[in-house]
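The following blocks contain the structures, represented as structure tokens.
In the two assemblies presented below, chain A is common to both, partnered first by chain B and then by chain C.
Coming up: the complex of A and B.
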């Protein structure tokens, strides 16, 4: 198992390298000069050149990449052009907040999705299945930023039960584990959970429905197993595929919540990313994309390893 | 013990759906303790449905079952809940046609056998595993210790069927149902599995109902043969009687269609026509459309059994009750 993990890890390295190169180049090929945003309009050519040299933008690209990677290795992602603060601190703070939101959404979505999916798979083509299918199609189809706004109108504006902005009282950007802060998590987490509920429910429905028609299920009944025993077998058969879908969903939740974080003013990576884009804050953009992309790569690695650990049919050597 | 192990009376099974399928029509069958019976017939003749009815494995909503089924005195139709669970696998167990599909792919072989043993014998895990080990030895699996920890896909087809047999016999059932257990296997492996089943039957003394479409297999394993056609038994007798003195035209056709004694280039003696679709209840002899001897009387009503001796019967109007010789 350990050797399998190490081999997967080695396979991940070229992917990580590719991700870093793309992150680096994406910003280079983006139109517009980042310096124009911070330089006064009447800056002389010399002043511009000096600034360019100060940020290392005058060196050849491979050298810039080398410096960038060397700095990255020391946890230095450069300084934000807009705020002048270190990118690493900004990104990690934001990613932490996003991770909190993503995991909360996953904690809501996965059990509900699994439960609904099992229900639909077990009662396939019965009315209950149709209800679940309708729910999951609605979950996947409804634009979640719109749903977020609707929830804000209902629970924040009309009922006044839950706050709509920020991660803490008064729209605070700092997180703490108390009710005052957790109240702020509820609406964005629920909104974000809707899509994965649909996707997980559909996946589990298809998996469990198919597994239930397999011969070994009848063989299990034939050897005297109860319904519950059989469901345990079905769950274990479905687990590998279901977990991989859920792992990737977690990745999407982390990186794909830009709209939700904007709607709820949640101080996460998506929020940071949209700010960085609008301000042409290249180091910040680079750092955020890199961290999110690497997180996705890591998520894939974890999914692969976990899948191999629970499904004996996947060759480990 | 003279009591019948299996006693099926007037069993009728219909599948409802877009079209009703008359799968089993008024079938009666009995099996003594420790006896081996082959249910012989072509695909769709109702052999497997009969086995599944015995284990109550048919989907309850879609199937309509009439008649009486007693196994060792228990009314199988009346079982439910815990009693049904301990009947399945405890009293009666089943070896399926394709062991590659009938074993759970993500559980080890040992765990799957142990699971059944724990359920029926109330043993702890370690004891159940050692029972599983013992069973793997009895079905002659080499290095059973290691095989316990293997998953089904890591074993060959023949090995998997041995595991399936070990699983079926681990709880010492009184009745073993074998649903074409060698059909999915290579010819050489088939013979090994048949011999193994025969040896284990002698060792454990359970009754066996062996479903097959292969007359050669039936001869190899069984003492008695019941020939099925279109959801009914058309002829029953000892293996010797069926092979040497077949009375029903269908049985004769089956024997004649055998590949033995056919010279190269010679035409096979296939039975002309195809079996009926079973979409309506039989109004006459189901074999009449394909039967060389059939007359109007055969189509007029379902033929009753003619008893030719104790436990020797044939459902044909054209049969001569006196033996030919």
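Coming up: the complex of A and C.
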């Protein structure tokens, strides 16, 4: 098991390197001078050159990349151009909020998706299957930022049941596990859950439908096993693949919540990202994307290892 | 000799058209797919011919006619926050929305197919370089990658096209590579190579015909996501710039109106939803019509 983990880890390193290169290049493809935002309008050529040297922008690109990576290794992601605060602190605070939202959405989506998918797989080509299939197609087709707005219209504007903005009363950013805060979580989490419900249901439907037609299921019935016990066998067979899909979905939820966070003013990484974009705060943009992408890479690694731990067939391949 | 060859080719041609007419027959018999196709064709035609439909000017606002509700006299679907006719803006909005929503997949289909076929056919170092680069892009969730590139490049139609094309090249390349290396391992490729055909000739004559339709089917399944992402970029303010009518951008600017006229402000999003739903169902329909085993 450990050797499998180490082998996978070694495969991840070049990907992580590539991710860091892309994040580094993001700032390079941005039009305009990254320093214009903080440079005084009447700066002389010498002052500009001094500033450029101070930020290391006068060195060749590979050297700049080396310096950036070396700082990164020490947890230094540079300073936000807009606020002057260290990027690392801002990003990790925001990522915690995003993680809270992503995990809440996963807690809603995965059980519902599994249940619906199992129903559809069990009653394949029956009316129930068609209903579930329709739900999952609608789930993956809906632009979730629009769904968020529709839910706000229904539950905030029309019914007045739930708040539509922020992560706590009065726009507070400090999370607490009480009703006053948790009611802020409901609408964004439900909105974010819709796409993974569709994807998980679709996956589990295909998996359980296929497994149910396999010979061993017939054999289990033939030896007199009860329906419920047979389903437990089916579930175990489907678990590894289903878990890997869900693990990736959790990664997507974190990286893909940007639009939803914007709709609900949720103070997470997506919200930070859109602020960074509009203030042309490139170090902050770079740092946020790097952290989210590396989280996704780590998630992939965890999924692979867990999958291999559950299903010995995978390790053998 | 020539006669034999021609008749041989003739046989192949018949089998070929037989397959495609079978696909067409199955498609026509599938009501859901046909309804979706009809809706999409109507949306595209109305977007193309918008100037000749006798609509109001989508750019002309009116201070006194702002946020008129759906069903107002002279404004069938009401007016937006600047008093512009919603029906006109929704139909004109289809132009940019559909263009930016579909074009990246078309571009990525060509670029990704070329890269994937090269990687799959050449194998070895070429394959490693192309596919490991593709792996790196897979480390980004598609939404994140699109927003990262668009965010860095800034708003604009060309920038949106560029960032979305970059997002969809890696998945298409991966599928193209997998299909091509499958075909590459078949005996008739070896036979063609043994007969002295050059790599380009083998690819042109023997490979492309066998790999393009699976790649194409896969690409169609990406159109719905691309549509949602493209409108999402405009919704975030890093896609199409105002005052151009575009569904994502309209959804964004109308958000301020949800307390005044909630359902009016939800209309542009409904258009995105219907389009992406039809694209998904159409793609499913084409897939099952083309793949007899399914």
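By definition in this document, the second predicted complex is superposed on the first by the 315 of 317 C-alpha atoms of A that agree within 3 Å, B and C clash if a C-alpha of one lies under 4 Å from a C-alpha of the other, contacts with A are read in each partner's own complex, and residues count from 1 in each chain.
Please note the rule applied: contacts are C-beta pairs under 8 Å (C-beta built on N, C-alpha and C of every residue); 3 or more make two chains touch, one makes a residue touch a chain.
For clarity, every value in this text was computed on a predicted model and none was experimentally measured.
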| item | value |
| --- | --- |
| Fit or clash between chain C and chain B when superposed on chain A | fit |
| Partner chain in contact with A:252 - chain B first, chain C second, else both or neither | second |
| Touching partner for A:14 - first (chain B), second (chain C), both, neither | second |
| Comparing the two partners chain B and chain C, which touches a greater set of residues in chain A | C |
| Partner chain in contact with A:61 - chain B first, chain C second, else both or neither | neither |
| Spatial angle chain C-chain A-chain B, Cα centroids [nearest 10 degrees] | 80 |
| First, second, both or neither for A:6, with chain B first and chain C second | neither |
| First (chain B), second (chain C), both or neither touched by A:145 | second |
| Touched partner set for A:226, first chain B, second chain C, both or neither | first |
| Touched partner set for A:312, first chain B, second chain C, both or neither | first |
| Where chain B and chain C come nearest after superposition, their Cα distance in Å | 18 |
| Set intersection of chain A contacts, chain C complex versus chain B complex | none |
| Residue numbers on chain C that touch chain A, as the complex places them | 132-133, 135-137, 139-144, 147-149, 151-154, 224, 228, 231-232, 235-238, 251, 255, 258-259, 262-263, 265-266, 268-270, 272-273, 276-277, 279-281, 284 |
| Sites on chain B touched by chain A in the complex | 55, 57, 85-90, 93-94, 96, 98, 101-108, 115-116, 119-120, 151, 153-154, 167-168 |
| Contact footprint of chain B on chain A as seen in their complex | 214-216, 218-226, 229, 233, 236-237, 240, 310-313 |
| Complex interface listing, chain A residues touching chain C | 14-16, 18-19, 21-23, 26-27, 29-31, 137-138, 140-143, 145-147, 149-150, 152-153, 157-158, 251-252, 254-256, 258-259, 262, 273-274, 276-278, 282, 285, 289, 292-293, 296-297, 300 |
